[in-house]
């Protein structure tokens, strides 16, 4: 029941997001009609025709209602530059970005959380220094710089990484089932393609993972330190509970809460960093798509992209709240 | 009375009959501003079945003593001397594994701030079961029953339902009951209660103290009851150990202490407690404050600088406890 | 000097001298500000002077950081870019801090429908991944440096609004505010004189922590081609222009501006930590 309330609470925000994206793209400079017409020497009449066909001659509120209506039907409009429906193009390119982001996120979690825990357990040790170093450096490194550095070292200098020009060799593309290359190649039984796509994934995923590593490690360490110095840990130790019970069942489980919040926030930052990484590695994801449409002032794809991003972010928040409720019996859903 | 009588060292037969024997325990803390000599040659005993009250101002070293016994001192602390004998055996010489097995099973502690002492994300029944599972080989079904039994023993109503509660759903008094249940689940022989009722309202205080006393008597527990509240000590303890600035200054039975205390500090302590005074005129604050324990030039008697009875020989040599009677000892060269 | 200020300076001295890293932070910061001020004056070459025959030369005695694809001296460009990047960062943070704190204070104080509406708007703003929002704002307003500043300011606004709102909320029912109201002070006077000065600390801490992020943001936007345009010297755009040459080994086109970026962000972050330690150690993570 509370879940329904929480979802209901998100609706005004969602509406605000739709309104905001609509307004934002209407403020874009330049006249899409002219761009679409393509020919600068087209006369005013022809341009007006184009404008009419795009629905740009109607007053703003009316355009918004039309927009809402088409959204309700799942229609995100059409890209001016490619002529394809935005929804289709987004869905085609989403798996590429998702695969990259999810892989990077998993790598970051698998490295950062143990690092933070061990750093908290052994203050002053080498691991602790490493953790603090990564945390401080990690937030200072621009994502695109990390990406370029990795390319330079691993591709140019060491020659171990493949050329950073996309996801996979066109000859090795498997059947499209999920859109996730790692999964599809395995389902196809094509191990050569699996290896190839995994190799292409390594550098961009590492770049994004490095970006996420710092805040997660820092928060894990801080949270663990905080929990380990609390009274109930002292009670547990005083009762002779095993090291494993104290650190994991009493320590880590209690420390994990603020880390969950950080995970949600970090994921949202990663959605933004996506654009930069896709640019550096020529990755055919939605970030690159959005950037191109932005530069060509193609507002429908941009709108669709912003909506999608916001929707994903709201979803992540919802999931974070849910996880919180499951872990912490003191929290009521929605607070 | 000859106050220079030496303290008779207990022969080993008698030593074994003592449940807990703290001998010349000294503890220091490393801090950013210097080394704090928190405890200096603290000694006292606890016999099976007796309730010993350790009283003193905040900062007198009562909790440090308790934590030293249980082995849960802060990492910045180090035990610089003495021994802690439990049933004749020095716990400070135990290996880590032995100590971990001993804690919670042979000796336990309950803390101030009972709600904070419990894991907020774990059901209370589960927390009691954790200790049982650690120290006993019983099957889960047996443990579940023992949890319910313990909750009944600490007088928690409706144990079957209550065992699934989280600490945040319970009152302070109920949390302390749970704390006691966890501490006594494995039937230890020694219980240390570190200010267990501070922060609880007066009615709950009485109830919890009654519970502790009843359990101590029925299980023949040796109990150390740490408090700054002399009145509570008077009511529930058999013997009292008075501490000041890391020193034991007087040990006596409760009646001896209140009727005929000899140490100037104890006398002042008694006069500053409202419930023990007969009229407002008799209430006296103790002048000055605890000495800075980081000083290199700490006097041999740490109360000397606040004492009205200070004389030349007070500063001549380190103090030790001298017996005035088999049950009454003080550390003073100029007792009243 | 008032007692409070003297006390703060004493704490500052304790914090700074206690840890050599803090001295480094301040030193770096001072060095960067110096470069920003003196940069254009002391640069050996004009940052815009092209000299195509010597394009893509590795670092040498004549060109300490080498030359880029148009033969421009990278050292001069990096040096001169300091001013631009710092201005963008400081401008954006100052703008969002001032605007955000005023808005947050007002809605925190008055509450009611004003609070509800503005909070909703903030929620909507925060629903977008920050960088994506910045992209959209720059795209909507146009490709200029000023718009980069505005975009960065916009995406930082929510933090200050929420911070100020929370702090004012806590304080507005305190004793001294009640006393002022009873004494006849109007709302704005109370806000201005009694409440806002007390929330400076957390705001300053937030601002100093934001500086590093603002620099990264601006650089990221220019890397994508939004905001600063060629031939302006700016670290992000220099990295973008040099990126294509990284894969063929001409590392100096990217490494030097990237290092400048990293050192700047790093020193700002350190500075943020120091400021936080001085003003409110409780916020330490």
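Lettered A, B and C in written order, each chain numbered from 1.
The working rule: contacts are C-beta pairs under 8 Å (C-beta built on N, C-alpha and C of every residue); 3 or more make two chains touch, one makes a residue touch a chain.
Every value quoted in this text rests on a predicted model; they were computed, and no experiment measured them.
Enquirer: Please state whether A-C or A-B has more C-beta contact pairs across its interface.
Expert: A-C
Enquirer: Which chain has its C-alpha centroid farthest away from the centroid of chain A?
Expert: Chain B.
Enquirer: Between chain A and chain B, what is the separation of their C-alpha centroids in Å?
Expert: The separation of the two C-alpha centroids amounts to 56 Å.
Enquirer: Please tell me the distance, in whole Å, between the geometric centres of chain A and chain C computed from their C-alpha atoms.
Expert: Centre-to-centre distance between chain A and chain C: 24 Å.
Enquirer: Which residues of chain A touch chain B in the complex?
Expert: Touch residues, chain A against chain B: 230-232, 234-242, 245, 249-250, 253-254, 327-330.
Enquirer: Over in the complex, which chain B residues touch chain A? Could you list them?
Expert: Per the touch definition, chain B meets chain A at residues 70, 72, 99-105, 108-109, 111, 113, 116-122, 130-131, 134-135, 166, 168, 179, 182-183.
Enquirer: Flag every residue of chain C that touches chain A in the complex, lowest number first.
Expert: 120-121, 123-125, 127-132, 135-137, 139-142, 212-213, 216, 219-220, 223-226, 236, 239-240, 243, 246-249, 251, 254, 258, 261-262, 265-266, 269-270, 285
Enquirer: Chain C touches which residues of chain A in the complex?
Expert: For chain A paired with chain C, touching residues are 12-13, 16-17, 19-20, 24-25, 27-29, 136-137, 139-145, 148-149, 151-152, 155-156, 163-164, 218-219, 222, 268-269, 271-273, 275-276, 279-280, 290-291, 294-295, 297, 302, 305-306, 309-310, 313-314.
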